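Shared between the two complexes below is chain A, which pairs with chain B and chain C, respectively.
Let's turn to the complex of A and B:
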């Protein structure tokens, strides 16, 4: 009897419940869409549309060769060399930075000593220096009046300089890469399970074996991801290269030159798209490996 | 004994890396404060160069501050709702949209600037105004605001809090401003510091978009490095450092603060 009298009421309740459930997601989606709309409008109007046009423009005929600019990049030595140089120097910088900052970062994460906070601060605060400032700091080290020139003048009577060459570029890229790697490595070491190391040690592994078989595999994703971020940042580092001299043949300077000196818009667009695709792939790999970290470009 | 040696070696190595990072900065600061860098410190310390930079470039500093604040305002106005939208969207959609919004950071600033120039460069009035640069800065900094706010929203149990508010009769607007926004304030703060720091230091996009009348601080820096004497470039860098280092310290502090709260 009780069950029967409750029946209609229960049916109605389950009906309204179902209606609510059906309308809830739709309303939810609408709210989400409205909240996202302003950001999406700005993004589409000022980035997606212009960049799509850039992609199309890159397929137009190049000024000097008369064929599609994308093809020109692949067929002309000058562009291929600059592409290879840029990728090469960025790779070497990333590997060097990961090696140097990996050691220093691990040391700082694991040891406690007086003045450690100062060292960490020194190693991380250049994170916010724009590329131009880093370029100027390289001039301070290796320019005509730089530290090296003064030291060599005093010791050997001649000025040694490296700032305005690929070596200067390398030092500059290294300068802005090291802080990025250090912060990531320190965070990764903090998350590493110390008991694994103790276990390895109690089983008789020496320091080298522990490092090789426990620590490095443990922080490998972080190392790879921060390396990829350094690579992408170095690929697109226009400011540093610009300060150090416009004669170097690397992609960002080529793009700038094609655009301002030759008004060769198709070529500048094609080179930008190629550069953008390379850095985007590198950063996607980085994010897949580590998640969370956006790499700001220098 | 052996571990003692290893500690010393590693400490020595780390100190060398620190020297590499700090020596050029220290040299630049010194150069900005000495009377004549070629002669050296014995020529005496002076604020003459800082003064000269202020006379030559103070408008670039004001423009950079104006840009950073405008950029901050816009990224808060569109970024906080966007983060909420991402929180409320289906996972797949949210990931795709976040990936899209990240593109201006993933692609070098030079490419973004070129795309903007080729698309909107013909609108003379817009191209010549500081708003053109502002657009570039907003594109570049927006993902940092969205990410900072979203990560706080994800840990704040917002759905439950909102449900509670709704069951007490709060409508959407009341819920958004009385529940959602106050609960992600620490994310907004972290994002705001990031946005201001990035905007003040942004060069790659700005260099392509600036005109002689709309020079920002980093553009002025590049200009002074190329055409002024070393002391002026150094003094200018010093001013830049004085603006950015406090912001960096604040970012660190905010990071620690939000981590403790969780």
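Let's turn to the complex of A and C:
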């Protein structure tokens, strides 16, 4: 929700700011600059300097290939596969989470029943867990000694496992994505104008048509922004992946591996930059789409 | 346009969860082609009545809603063939003006040519030609309500329902749109139910008005009947301004002694209170006055002025006087209250309640 609401307000305030600056004397600009100085210093020291260092470092020669680490990512299968896998699983997780939790969130927002508050509290509880614990939970479910393995051993005489594969990662990511989507969708549904649905129904629209023409467009900004946040979280989730196994080839684990195991700083830096840029692009696209839609409903 | 249909409510009551009764068992008949206005303060049950007619709410068990001869009680709103206009416009923000208006036509799967034809027709009727491609957020409040109106009439509904459609607009626009809606309803001849708390709107639009109070119909009648023969003190007080004169005693010759003078009203014998409208009281020389008093305040209204005259009663009398004459505060003034403008509602006992309702 945060990402959605920020956009229009931000745009409006920067506009008034610009107008104000143009019509005020220079002294005021100076005061404004002084006021901004601490923020600028912090920005430079903790963001600009390390990040530019990271970008430059990524351009240095990779230890194994001998060419620029950025180029290595694009030319070496191992890194490309890791990149595609990470983006792919994040996308699938985001879409699945939005689909499942979108429906659940809408249901929870609209229905009143006994124990609803408790149910919502339980559903959003995973937000309190760090990634390591989520990974641990997945192992309890689908690991060597997990519930599924125990059940299949008893029934069919063999251990079924999924925890240490991409499937386990998918379940883990889904686990911490769903609560985010549910809370966002519930808030968005509360803000939906009920008379829009009543108007559509008065014109003859059935439940499906009301959902398609009124409800989904109405909560689309929320779905997009929460989906983008799920994507960003999944792209960078380290704890869960690390708990499930270091053999998984995904970006956060690669960065960790290059950095600590091979001391290949150039590659670690390049992978970090790529991860950051992809996530940032996803977030800004979603923010723009959501912002545009929000403007229409205001 | 379409053959109009009557609406009948039989014993429709509505009790909400928690035992809160919004509507007492109600019988109501809206004639085919008629515009009925439901008028009352907030919480009087007018919106609930409208929603029961629309199908958005169901009456409690035993209640019955008929469109013509057809029992529609069990039908949801989407099957009732109604057009509805909301206070907050309820336009679809993700669609253009034309898509909003054509929405119901597309739901009905009308052929493309027919949709275009009807779209042109209704956009002309509400004076929105050339606005088809506009975004909803690029429209003013008045234009938005025209779009909502066009969207509701485009499907040629059996019944048109209005839920305080002008309440969100400023006064001037409200007056203009009110006139246009009135003309449109006359032209269409569709049965319409119009909810409002604004008495001017009710007077201007209603063939008949149902004044509602605390979940009941206090009076049902033409605007003239409601205004000139209010059924009780609540109606008298809610519609327009009204003076309430306490009768101190009755003379042998039939004169009613009130604060500041005596009234000649043979038809009101035995009444403890007598009512009259501010505009029916005449200012006359003191020696010809029925009642006299002192001007407490004059409020200039433009075309008239409202004088508050203290005659010794609990509240000053309100009088509508010509606006060019001046009555400074403290001036002694003579008033004539012709007997034909004095009235007495049937249930004067509810006066205090009615005042409280109107104020709250």
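The definition used in the following text is that the second predicted complex is superposed on the first by the 240 of 298 C-alpha atoms of A that agree within 3 Å, B and C clash if a C-alpha of one lies under 4 Å from a C-alpha of the other, contacts with A are read in each partner's own complex, and residues count from 1 in each chain.
Just so it is clear, a residue touches a chain if its C-beta (ideal position, glycine included) is under 8 Å from a C-beta of that chain, and two chains touch if they have at least 3 such contacts.
Everything quoted here is computed from the prediction, not taken from an experiment.
When the two complexes are overlaid on their common chain A, residue A:108 makes contact with chain B while staying clear of chain C. Contacts of A:175 after superposition on the shared chain: chain B is touched, whereas chain C is not.
Looking at the shared chain after the overlay, A:39 reaches chain B, while chain C stays out of its contact range. Look at A:155: by the touch rule set out above, it reaches neither chain B nor chain C.
Once chain A of one complex is fitted onto chain A of the other, the partner contacts of A:147 are limited to chain B, with no touch recorded for chain C.
In the superposition on chain A, A:213 makes contact with chain C only, while chain B stays out of contact range.
Partner contacting the larger number of chain A residues, of chain B and chain C: B. When both complexes are overlaid on chain A, the residue A:117 reaches neither chain B nor chain C. Of the two partner chains, chain B is the only one that A:49 touches; chain C does not reach it.
Residues 295-297 of chain A are contacted both by chain B in one complex and by chain C in the other. Note for the complex: chain A touches chain C at residues 193, 195-196, 198-206, 209, 213-214, 217-218, 293, 295-298. Here chain B touches chain A in the complex through residues 6-7, 10-11, 13-15, 17-18, 20-25, 27-28, 31, 37-38, 77-79, 81-82, 84-86, 88-90, 97, 100-112, 114-116, 118-120, 135, 138-139, 142-144, 146-147, 151, 172, 197-198, 201-204, 207-208, 218, 221-222, 225-226, 230, 233, 237, 240, 244-245, 247-248, going by the rule given at the top. Against chain A, in their complex, chain C makes its touches with residues 54, 56, 76-79, 81-84, 86, 88, 90-94, 103-104, 107-108, 135-137, 148, 151-152, 155, 161.
Those residues of chain A that touch chain B in the complex are listed here as 28-29, 31-40, 42-43, 46-51, 53-54, 57, 100-101, 103-104, 107-108, 111, 113, 119, 122-123, 125-133, 135-141, 145, 147, 175, 178-179, 207, 232, 235-236, 238-239, 242-243, 252, 255-256, 259, 265, 268-269, 272-273, 275-276, 279-280, 283-284, 292, 294-297.
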